[in-house]
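Input: structures, listed below.
The two complexes that follow have chain A in common; it is paired with chain B in the first and with chain C in the second.
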Partner chain A sequence: MSDWLSRHRWEAVLLVVLVVTIIGNAALSPFYLGFGNFINLFWLSIEKIIVVVAMAFVIINGEIDLSVASVMGFSAAVMASMQVSGDIPFLLAVVFGILAGALAGLVQGLLIARIGLPSLVVTLAGLIGFRGAARVILEDRSIGDFPEWFDRLGQQPLLGPIPLALIIFFAILAVAWVVLERGSFGRKVYIIGNSADVARYSGIGVSGVKLRLFIVSGLTAGLAGVLFAARLGSVRGSLAEFFELDIITMVLLGGVSIFGGSGTMFGVVLAVFTVLNIRNGLGLANVDGIMQTGVVGLLLLGSVLVPNLIERRRTRLPAPEP
Partner chain B sequence: MKVSPATGMNRGSGRLRRMKPERVKELTLIGIISLSVVTFGFLIENYLSGRFFNRVITSVVIVGILAAGQALVIITRNIDLSVGSATGVAAYLTGDFLAANTSTGPLVAAVIAILVGSTLGAFNGLLVAYGRIPAIIVTLGTLALFRTMLSLYSGGQNITADTLPDWVLQFNQVTVVSFGDFDIRLVSLVAVLTGLGLHWALARLRWGRRLYAIGSNPEAAKQAGLPEQRLVFWAFVGSGAFAGLAGFMFMARIGTISATAGAGLELESVAAAVVGGVSIFGGAGTILGALLGASLIKTLELSLVRLPQVSEFWRDAVLGILILVGVLIDLALQRRLSRRPIAAARSDSGSSPPVTVGEHSRASEGAPDE
Partner chain C sequence: MRKRMRLAALLAAVALVAAACGSAAEDTTTTTTTTEQDTTTTSAGVEVGGPVVIEAAESISALFLPKCTNIPVFPQANSGAEEAAAELGSDPASFVGPADCGDSTGQIEFMANAVTQGVGAIMVSNNAGDELAPSAQAAADAGIPVVSWDSPIPSAEGESVFVAQVDFDDTGVVMADMALEILGAGGGEFAILSATPEAANQNAWIAAMESALVEDDKYADLVLVDTVFGNDVAEDSVTQALALADQYPNLGLIMAPTTVGIVAAAQAMTQEGLCDQVKVSGLGLPDEMREYSLSGCAPVFALWDFVDLGYLTYYVAYGIATGQIEAAEGVVFEAGRMGMYTITADPTRDSGLRVLMGPFTVYTVDNIGG
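Then we have the complex of A and B:
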């Protein structure tokens, strides 16, 4: 136990924050601890947290993907436009929508892994460009009228009280945990994140790993975009706009270092729980959305500042001569 | 120096090679801007009118100022994603002050806006330089935080143009000197002069050179005894001050200010700086380049919508492509100038801007201007 604690100090801190939040929320509202609210908690942000899982890989690898929210919008737009043209079965439109996301990831991945451009710049261009592509496709239209089964999958529970998106999330999470923390691919992701040079000299195909991660990131964003469209029942060019901030915040709050090389799936899941609970609790207390965003921003700053200060106190050495 | 005819050609290309990469980049940008103006001139009737020129030159002001501040921070190998929110806060608070004190003049209003911006920038700077938190995390956090504070302060109330002093609404039209239909507006002049002032300071003053030193190799800069923390702190204060000035311009330009004022400007400013050749790895790029990058983006943006074949919805898509083209040219230029085989360049690229072992070697080798 103490061994676990020393290696997972950050996760322990998160756990405490989470428990405090849950107790606070439960005291605040009698509805909070019900199973219905628990499902609700996830359902309202399910698309974001699906992308969070893929983003954790990218950041542990030492890169960043700012484009995810725009790729979500782009995928949904591709799907919606195919539905309007009406020439193909809708299921195929869904598949093409998701593949459009993977294609977006492939293009960015090639620029980053093969040509060697910084991911911050490439995905910044992607953030603006794919949002632009969604707007080019949809202009100012709002496209709805999807087949009934599609809306139902997005808006109604599938297994008992559990909706499809939630099942997908937990499936992705399980796969991600195995791949990242139990498989050789995951080891490579960590090693590259720690030092791309060391990884290269160890014979790891750095650019191949990076390329695959960006394709997966795009694919996941595409899936999330389509799921979001199903939940909303309509698609606009601005679908999922500004989600990237929340997504990256959750990953970093989970103890994943922005420099790459460290972080665990467990920490990320705890951060997801914490953010969702805080937002939910603030919502129950009638605090509006922008205020919630501010609290999450504060949490992000605190989550990095506090360990930094602790670390500095613990390892205080005689100040080096300037 | 006399050169024999046989080596004359070599001398020509040698001069290009000996030119600083920043100059090459700036000249390229000027070339691209001129080329696109000429091209649009053929495609669009009445394109080269004074009215259009005046529109471009006034609408580039806000992004231009922000790009200059952003460049200042990026040169130190950091980034400031909070400038859009800071612009909004400065615009709103200044508007609020003016609505309560309608006799206030433009100069005082601008000073207030700049002070507000600098304060926000100082907060970022403290956390980045002394709290040792990566800039991208700090400014992602303050992007949300500043916006929330503004939203709380405003209580959902907009500041409307009719409550502001009369000079505000005319401020954008004030013309210093006209050449026929072509006006040089005061706001543009202020933007260009502050930008060029900063450009000169970075190129010539000691603290300016030190900012480059920190950005191109933080470890070496620290070893050399540069006050790294203090310089980074002041770079953020500077970026905040420019965001404040942009907030003032925003207020003067738009008149009606809501709590969402300036949202999205952070990305446009980063885009302008990157297109302008400011390296995201720090240590390279100029303020003039950032200003030119902003001008190119705005020129294309405003010109494209006048093409009947292109819908207004193309704006963002084109901007995204433009950023990519900008960095690709930059990369090609860098490899060219440092004359390294592509394989070697590839082997130490491809991680994010924060300091890693790979980036150190890149930064030290990649500075080709001796």
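Then we have the complex of A and C:
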């Protein structure tokens, strides 16, 4: 136990914050503790947290993907424009929408992994470019009138009270957890994140791993974009705009180092639960949007500050006896 | 079922009170009956008795959801809602919303939380298009009336009734007339600086203005060269206004159908010394526009009273939530100090109901004060 604690200091801190949040919320709002609210709390941010899982891999690998929210919009726009043209069955439009996300990831991944451009620059261009593409495809229109089954999947529960998107999230999470922390691919992701040179000398196919990560990141964003379109019932060029900020915030809050090489899926999950519960609790306590954003911002600042302070205190020499 | 019976009984009681008071009842041909059987038919029919005076019943909890909280018109509207709540002996509605008007889907979370809280009514100024419709439908499914104000849900899905500040078609004509007044009979080029590209109300007004321009020959020489979006954020709107002045050397007017855009445009033109060439008009708050009205930069603009809009909206939502009125075509009611209103079909949308507040106030240097 103490061994676990020393290796998972940040996860322990998050766990405490989460428990305090849950107790605080329950005390503040009589509506908080309820299965319906628990489902709702995930559902309201489900597209973001699906992307969070993929983003954790990218950041642990020492890279960043700023384009995810724009890719969400792009994928949804591709799907919606195919629905308008009406030449193909809608299910195929959905598939093409998701694949458009993977393609966006592939293009960026090639530039990063094969040509060696920094992911910060490439995906910043992606953030601007794919958003632009979404706006060009849809102009200022809003496209709705999707088939009823699509809207129902996005807006109604599927299994008992649980909607499809939640099932997808937990399925992706389970697979991601195993791949990252139990498989050889996950080990490579960590090693590359620690030092790409060391990885290269150890015979790891660095660029192959990176390319695959960006394809998966795009694919996940594409899926999330299509799911968001189903939940909203219509698509615009601005769909999911600025979501990348919340997504990266949750990954970093989960204890994943922005420099790569460290972080756990458990930490990321705890961060997701914490942020969603805080937002939900504040919302149910009728706290304004400005304050909600402020609290999450403070939390992120704390997540960077506290570990640094602890580290500094530990490494400081003991004060001499008077 | 029990809820419906209670509602029927309440309706009957209210009808009795209304009939007894007989205040300003014009239409006495329809008789109000008190038997349970008869009142239940009102839920299907339009033949509701004389006007219903909405008055204090039980206290309700409610959500007064603006597009965002940091634009002055929304707190103003909320103060009107608070005034109405106080008169009706109800708790003030909670006034919360997204931090930023650029966040067009941020209202969904607030709607969902209100449903979880089981509020009595939701009053919303829609900052998206039909993206908010599933949330409104979820609220309606939970038995919560959703009254939109300022900006409706285009499909009207899940919405009980829309409290419209002014007739949206009139808005188009008013804007076209102001453009004509500023540019003169000789005409000229003008551009529109709007809020977000999603905003249902601004989009409807712009569409109405565009159709007004083609319908009447007197506007024939007014040339709309561009429509840009400042997202109801001051800095973005200033940038867009300056870009318009840069891009169109013959521009004579920036028309901003948003209180954020019009101030930003007036400020930008004033700072750049462009007021002689490019005038500013649109929908603006007198307090924020006084300076530019007096300087001649914004010689004419229009708006309605947001306090009144909030007040009327709360009365409508409270009336529906307490079962005093029904969201149905032909229902006539009295809303406190503002008097009589009728719920009608909304002529500016394919479906949906509307309560029309009106009227416009057109501000010039003669009535701006100061």
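The criterion applied here is as follows: the second predicted complex is superposed on the first by the 315 of 322 C-alpha atoms of A that agree within 3 Å, B and C clash if a C-alpha of one lies under 4 Å from a C-alpha of the other, contacts with A are read in each partner's own complex, and residues count from 1 in each chain.
Assume contacts are C-beta pairs under 8 Å (C-beta built on N, C-alpha and C of every residue); 3 or more make two chains touch, one makes a residue touch a chain.
Bear in mind that the values here come from a model prediction, so they are computed numbers and not experimental data.
Aligning the two structures on chain A places chain B and chain C in a clash. Within the superposed three-chain model, A:Ser238 lies in touch with chain C and out of touch with chain B [touch as defined at top]. Legend: residue contacts after superposition of the two complexes on their common chain; A:Phe31 is shown touching chain C, with no touch to chain B.
Touch criterion met: A:Gly297 reaches chain B, while chain C stays clear of it. By the touch criterion defined above, A:Leu44 reaches chain C but does not reach chain B.
Taking chain B and chain C in turn and counting the residues of chain A each one touches, the greater count comes from B. Touch criterion met: A:Ile112 reaches chain B, while chain C stays clear of it. In the superposed pair of complexes, A:Phe130 makes contact with chain B only, with no contact to chain C.
In the superposed model, A:Ser85 makes contact with neither chain B nor chain C. When both complexes are aligned on chain A, the segment of chain C among 217-225, 271-279, 307-315 or 361-369 whose C-alpha atoms clash with chain B is 271-279.
Comparing which residues of chain A touch chain B with which touch chain C, the overlap comprises 140, 237, 290, 293.
By the touch rule above, chain A contacts chain B in their complex via residues 62-64, 111-122, 124-133, 135-136, 139-140, 195-198, 200, 206-207, 210, 237, 245, 248-249, 252, 258-260, 290-291, 293-298, 300-301, 304-305, 308-309, 312, 322. For chain A in complex with chain C, the touching residues are 29, 31, 34, 36-37, 40, 43-44, 140, 142, 144, 151, 154-155, 231-234, 236-239, 241-242, 279-280, 283-284, 286-290, 292-293. Interface residues of chain B, counted against chain A in their complex, comprise 79, 127, 131-134, 136-138, 140-145, 147-149, 151-152, 225, 227, 259, 267, 270-271, 274, 280-281, 311, 313-321, 323-324, 327-328, 331, 345-358.
Listed in rising order, the residues of chain C touching chain A in the complex are 68-70, 94, 96-100, 102-106, 108-110, 112-113, 116-118, 129-131, 133-134, 137-138, 196-198.
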